[in-house]
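I've put the structures underneath this note.
First chain A sits with chain B, and in the next complex the same chain sits with chain C.
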Partner chain A sequence: MTDKVNGEKNKSRLTKISFLLALFLIWEFVPVWTNSAKIIPPFHKVMVAFWTNLWHGDLLQHVAYSLQLIFTGILIGMILAFVLTALCIVSKRFNDIMDVVISIMHPLPGIALLPVVMLIVGLGAKSIIIIIVHSILWPLIVNALAGFNSIPKIQIELGKNLGMKGVKLIWLVMIPNAFPYILSGIKISWARSWRALVSAEMVFGASGMVGGLGWYIYKTRFFMDVSGMFAGLISVIIIGMLVDEFVLKSIEKNTVKKWGMSV
Partner chain B sequence: MSSLQVNNISKSYQLDNKELNVLNDISISLDSGDFLTILGPSGCGKSTLIRCICGMETPDSGEILIDGKPIDGIGPERLMVFQDFNQLFPWKTVEENIVFPLKLNNVSNNKVELNEIAEEFMDIVNLKQFRNAYPNQLSGGMRQRVAIARSLALNPKVLLMDEPFGALDAQTRAILQKELYQLWEKFKTTIIFITHNVQEAIILGSKIIVLGLMPATVKFETTNTIPYPRMPETKEFMSLWKELYGHLETKRF
Partner chain C sequence: MKKLLTSLLMVILVLSLFSCSSKDPDKVVIAQQFGLGYAPLTLVKELNLIEKYYPNAKIEWAQLGSGGSIREAMAAGQVDVGSMGVPPFLIAWAKGYDYKIMTALCEMPLGLQTNRPEVKSLKDISPQMKIATPSPGSIQHILLSMASEKELGDATALDRNVIAMAHPDAANALINKIEIAAHFTSPPYIFMELESEGIHQVVDAEKDAFGEAFTFLVTAGTGKFKTRNPELFEAVNTALREAIAIMENDPGSVSDIVAPTLNLDRETYLRYCNWPGVKFETEPRGMLKFLDFMNRAGYVSKTTSEQRDLMW
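Moving on, here comes the complex of A and B:
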């Protein structure tokens, strides 16, 4: 039984790795064969550019700056989402108001807000953080509220029957029950925050002294450093994959998957 | 373990502007340590009755007394075991599901003592080897056992059971009936057990009540003195079965 499961796991891992290898091979040789290496540099060139720019160039600085902006944005977004969701749960009236706010704000792309944000707070890290917060706040709230609305009635009754009410009931019964939805909101936010950061920087350039990865990609394109441009893209992909694989998936595996609560 | 008095409770619901009388002037009197099974056709309001006793719903009139004192809302002195298998906390293991309510109700703050209680009750329901399992890894019957163990560990004044075995297969059901009866003999907890299964009502109950169709009224009441184990093929079992079945109205469609 476990052998079978492990076998399947290994097979699945093997498939994924083989696919990536095939992709890298195609990337390596097709540009050369088709004489388009100037537009799409072969894989090894991109990797060399990635490596040298990371350790000898300024890529690492850009990565660090991006991560700093993203984590600030996610932290603020999560705190705001927590407060607003809590108010929605406590007050039906507030929930009604939030309904309207969400239907106005949720479909609005962060990048569309950029001109307004720039007018109000000016150029700089602040406006990028505001765009990131906007991009993740609404999906976080929408998911959390969906989670709270889908709590089985029996779980609430059970909690009350066992002697819980008020904050205790929310903290010990409702939040764990809503957790699968909250987690899926966080996963969406992670992807969304990158989109917001990169696109915002491409539109209005460096924020602060160095600028993040969006600015890096823009800059390398401007100087026709195509390998560097791809190196920037690869950085975004690698960070995304690392966090997804080692943070988000491992949280998922140790919580909702283990409990059989996946959405 | 406590005595329970249900005095003339009635309840109606509003359904599409029509008033639906669910419970009509129901009175029940239980001594400490009674095991009451309530029989009634599906949809007769037996769940509403037990939910009123639990405090999840409030009757329109009448009173419910525990040891002579009126009940005050929902709380752990009247614990419910539901039919739904989803009555454990999915993010807690079997052991944690039993320990958590104990901690919550300050049964003990001593970790060792809490673990001893959990140990005892996991042993009673034969789930010791599953102590670290999560509910989604357990079968329906095991989950119901955990729910019963959790409730008994809290030592409620009255244990309320709303068709807890209703969704189980026949074999598991028979096993759990036997286990529950033995637990009752051991702890002498006052139990109210809802069922629509006549055989189950006879196997378990020391008192049996039959409710009529909407609005539910007490149609028949009897004491069950058949010695244990109660085998369906015995004469006295069969005659009680016939009598109860005769009182049990079924809806005609």
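Moving on, here comes the complex of A and C:
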């Protein structure tokens, strides 16, 4: 049984790795064969550009700046989402109001709001953080509320029968039950915060004094530094994969999977 | 395995749909732009000047968002002829893109204006003050770097103050004193700013940055186009030169055609055409000085000492 599981696991890993290798090989040779290396530089050139820009250029600074904005945005977004969701659970009236607010705000793309936000708070880091918060707040609340609404009544009754009340009931019964939804809300927010950041900087060049990765990609575009453009993209991908692998997956492993839940 | 092969085949099929399109040799795609400096292009279109020299020409005028996208479209082979500022042209030239200058278009007065009375020179610009230019690597950005090398001793000293903003937005922000402290711009926005209250010039591009008269815009053509149909290439070039001569010698005669595309009335249009420093001409000036500076400052990594390397 375990052999079979392990075998399947290895096979799946092998498929993934060989797919990536094939992709890199195609990327390396097709631009040379088709004589379009100026438009799509071969893979090794991109990697060299990534490495030199990272350690000798200003890529690392841009990455740090981006991460700083994103984490600030996510932190503010999560606190707001937590407070608003809690109020929704406590008060039915507030929940009704939130319903309206969400149906107004949720479909609005952050980037469409940027001109308005810039008019009010001005260019720079502040407006980008507001856009990030906007992009993640609504999916967080929608997911969390869906989670809390999906808790089977019997579980809550059970908790109450065991003598739980208030915070204890929320902490031990309600949050674990809603957690798969909350987690998928967090995953969505992570992806959306990057989109908000990069697109805001690319569309409006709204940068702080250093500028994040969006500004970096924008700059490299105007200097026709195609390898640099790819280096910016690769940074976004790598950060995304690292956070997914080491933060999100480990949260999932220690909560939802450990509790044997699935959405 | 069979399933995998089928799916790979599908991918290849879809990808091949994107490529290959053969071009009609009589067809030329020209990027259209608006602005006083691009007026010769408008004339070429409205007076059918290319057809005058090549009656069978099929001309397609492409509308693209910015100089950056024109350059990208030229690199991708979608556009054959396009105009841009000298530094953006040089950036792509230094990257080895297969295009060169057909003709210069114009000289224009460029400059850095500020709405802060305390800013008398570049030294007075504090780290918090934002300077708007249309994009990194634009002629406005490079001229700012040249001025900061002269005044501050470091070409990149103000790069952290620079933000990208379209001309109309930045002119609006400067005049209404929101957001930005200074704007490096070109006509007609520089005229509007200088005629507004509370705004003064800090850098005059010709005097304080470049040191002499220089070409603002050039028109470039791709090598593919030249080999595909050299006669049509020459016809486009001749048409452009004719339009440039009209703009230089008698802009009043074409005011009905050009002024509406710039949203100007006839008087304002003529006042702008006769502004000191506005000159339409075919011979590029200052190309090598730009290239040498950009190479020294690290914006490009290739240089030449022969202007003919840059021209067809």
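Simple rule for what comes next: the second predicted complex is superposed on the first by the 262 of 263 C-alpha atoms of A that agree within 3 Å, B and C clash if a C-alpha of one lies under 4 Å from a C-alpha of the other, contacts with A are read in each partner's own complex, and residues count from 1 in each chain.
Note that in this section a contact is a pair of C-beta atoms (placed from the backbone, for glycine too) under 8 Å apart; a residue touches a chain by one contact, two chains touch by 3 or more.
In this text the structure is predicted, and so the values were computed from the model without any measurement.
Participant: Quick one: on chain A, after the overlay, do chain B and chain C clash, or do they fit? Just give me the call.
Facilitator: fit
Participant: What is the contact status of A:E157 with respect to chain B (first) and chain C (second): first, second, both, or neither?
Facilitator: In the superposition, A:E157 contacts chain B only.
Participant: Taking the superposition on A as described, I'd like to know which of chain B and chain C A:Y218 touches: first, second, both or neither.
Facilitator: second
Participant: Under the stated touch criterion, which partner chain does A:L123 make contact with: chain B (first), chain C (second), both, or neither?
Facilitator: Touch status of A:L123: second partner only.
Participant: Answer with first, second, both or neither: which of chain B and chain C does A:M261 touch in the superposed model?
Facilitator: In the superposition, A:M261 touches chain B alone.
Participant: Answer with first, second, both or neither: which of chain B and chain C does A:K38 touch in the superposed model?
Facilitator: Only chain C is touched by A:K38; chain B is not.
Participant: For the combined three-chain view, what is the angle at the C-alpha centre of chain A formed with the C-alpha centres of chain B and chain C, to the nearest 10°?
Facilitator: 160
Participant: Looking at A:F71, would you say it contacts chain B, chain C, both, or neither? Reply first, second, both or neither.
Facilitator: neither
Participant: So in the superposed three-chain picture, is A:F246 touching just chain B, just chain C, both, or none of them (first/second/both/neither)?
Facilitator: neither
Participant: For A:V210, decide between first (touching chain B), second (touching chain C), both and neither.
Facilitator: In the superposition, A:V210 contacts chain C only.
Participant: Which value, in Å, gives the least CA distance between chain B and chain C in the superposed three-chain arrangement?
Facilitator: Value for chain B versus chain C, nearest C-alpha atoms: 35 Å.
Participant: Can you give me the overlap between the chain B contact set and the chain C contact set on chain A?
Facilitator: In chain A, nothing is touched by chain B and also by chain C.
Participant: For chain A, which residues are in contact with chain B within the complex?
Facilitator: Within the complex, chain A contacts chain B at residues 152, 154-155, 157-158, 160-164, 168, 172-173, 176, 179, 255, 258-261.
Participant: Inside the complex, what are the residues of chain C that reach chain A?
Facilitator: Per the stated touch rule, the residues are 68, 71, 75-76, 88, 91-92, 95-97, 127, 130, 135-138, 160-161, 163-165, 178-180, 299.
Participant: Spell out the part of chain B that touches chain A in their complex, as residue ranges.
Facilitator: Within the complex, chain B touches chain A at residues 54, 56, 74-76, 78-80, 82, 84, 86-87, 89-91, 101, 104-105, 134-137, 154.
Participant: Quick one: in the complex, what on chain A touches chain C?
Facilitator: 38-39, 118, 122-123, 204-207, 209-210, 218-219, 221-224
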